[in-house]
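Here subunit A shows up in two complexes: once beside subunit B, once beside subunit C.
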Partner chain A sequence: MGLIVKTTARVTIPLIGIFGSYIVMHGHLTPGGGFQGGATIAGAGILFLIAFGLGEMKKRYNKNLYSALEGLGGLAFLGVAMLGMSVAFFYNTLWHNGPVLNGKPGTLLSAGFLPIMNLAVGLKVFTGLVSALTAIALWRRWKG
Partner chain B sequence: MPFIVAFLFAYIVWLLLTAGSKGLLWSTEELIVGLVFAAIVGYATKDVIRENSTRFLNPVKWFGFIAYAPVLFWGMVKANFDVAYRVITGKIRPGIVRVPVDLENDAQYTVMSNSITLTPGTLTIDACPDEKALYVHWINVPKGLERPESSEPLAGPFEKWARRLGR
Partner chain C sequence: MIAFFYAVVLVGIAGLISVLRLILGPTVPDRVVGVDTLNTLVVAGMILLGAAYDRAIYIDIAIVYALLSYIGTLVIAKYLQGGLA
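So, the complex of A and B:
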């Protein structure tokens, strides 16, 4: 892309990143959540891919790291769901008698395991979407 | 230190988004979580924000941007009325002109191009730093200005401002 698109992308990518993090972290308080925020941050990655081109993306994109982070997101979701296993699967033990994340409803650190699950889903969606779009962009050639 | 720039930018955006979590101010947990996420975003985007972006940490530059806002706004108001006049009367003479500009870096070209595009009637099509020129689509090219010598007839004072703000 041209110079103006690149320079604007340099400013916009951190902006989209922090806004997506805000959506993920406030999933239990405001509209949005893990998927929406993760897709927003993935938009920053795709903006990078489009504005700077595939050559630059190849240098920055690490397949193993993204693959591992996607697995980590899924595992964190499952692990938090198992925390209250002594009562039931998905029992929100952090909210009922946990040490953290049981603040007054409406504050940031409340709602038990929901913020952690939002973070896990956000991480998984971000890495998954960026990996998928990079893999599509890396497809070898256009031939009918 | 591009990390510092990206970190501060992300943290300021976070503070703007979460203002009002404790009265009109911020609760402690929002501030701490914001620090963590701004650090992550800053670390991830430290290569996107470039090395020379630290010059935007200079407070003199922020006052420059604040002073530029009314100039740009007034230019937009004037130009919108001009375009409304051209819509009603249909007096147009469209064309793409090459405008030589005297700018050095990317930020100056971006400020200049966006200012030209935001003032209606002119639309930046391409910025070519290697030939130090912008290609601008002009809704009403005045007679004899098909090859302008400077950006003055199109953009008024914007080139001077762009040179100052992006330096």
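So, the complex of A and C:
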């Protein structure tokens, strides 16, 4: 795209990234959460792909890294769910008797495993959506 | 407080007019401009409703909508300009 779009994207991509991270981190306090924040950060990735083109995206995008990070997000979700396995699956042991994340309800470091799960889902959604859209953009066989 | 709801009604009437352009628009760029106008009006309506219901966290959704509608318009513009190159 043109110069104005590229310059605006340089300003807007960090803004979208920071706002999406805010949505993910405050998922247990305000509207939003893992999926919404992850989709917002993926919007920054799509803006990069649209504004700077596929050639620049090919240089910056690493398929193996994104694939590994998506798996890591899912594994972190499951691992946190297994923390309280001595009582039950998905037992929120961090909230009931954990060392961290058991502050007063309404503060950032509260709600047990929910912030960790939001971070895991946000990472998974961001890497998954960016990988899917880059793969679609790389598909170049519309001429038969 | 009730003034905010009247303002929302005014913004809604403006949105209906831009939906009319969306339906009638003879060419595709007309419809794109209609969608862009409607996005901005929806952001204004969201902020006014957040003030009317006295909830500050509704403003967050308006910010996200403003950022993502910009990307949506950009994607359509890039498609009309000649595709992803």
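Just so we're on the same page, the second predicted complex is superposed on the first by the 143 of 144 C-alpha atoms of A that agree within 3 Å, B and C clash if a C-alpha of one lies under 4 Å from a C-alpha of the other, contacts with A are read in each partner's own complex, and residues count from 1 in each chain.
Methods note: a contact is a pair of C-beta atoms (placed from the backbone, for glycine too) under 8 Å apart; a residue touches a chain by one contact, two chains touch by 3 or more.
This is a predicted model, so every value here is computed, not measured.
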Which of subunit B and subunit C A:Gly43 touches, first, second, both or neither: second
Which superposed partner A:Thr7 touches (first subunit B, second subunit C, both, neither): first
Which superposed partner A:Ala88 touches (first subunit B, second subunit C, both, neither): neither
Partner chain(s) touched by A:Gly32 [first = subunit B, second = subunit C, both, neither]: second
Touched partner set for A:Leu15, first subunit B, second subunit C, both or neither: both
Touching both subunit C and subunit B, counted on subunit A across the two superposed complexes: 15, 19
Contacting residues of subunit A [partner subunit C, same complex]: 1, 5, 12, 15-16, 19, 23, 30-32, 36, 40, 43, 46-47, 49-51, 53-54, 137
Subunit A residues within the subunit B interface of the complex: 2-4, 6-11, 13-15, 17-19, 21-22, 25-26, 48, 60, 103, 107-109
Subunit A-facing residues of subunit B, complex: 6, 9-11, 13-14, 17-18, 21, 27, 29-30, 33, 37-38, 40-42, 44-45, 47-50, 53, 106-107, 109-110, 113-114, 124, 126-127, 129
Of all residues in subunit C, those that touch subunit A in their complex: 57-58, 60-61, 63-64, 67-68, 70-71, 74-75, 78, 81, 84-85
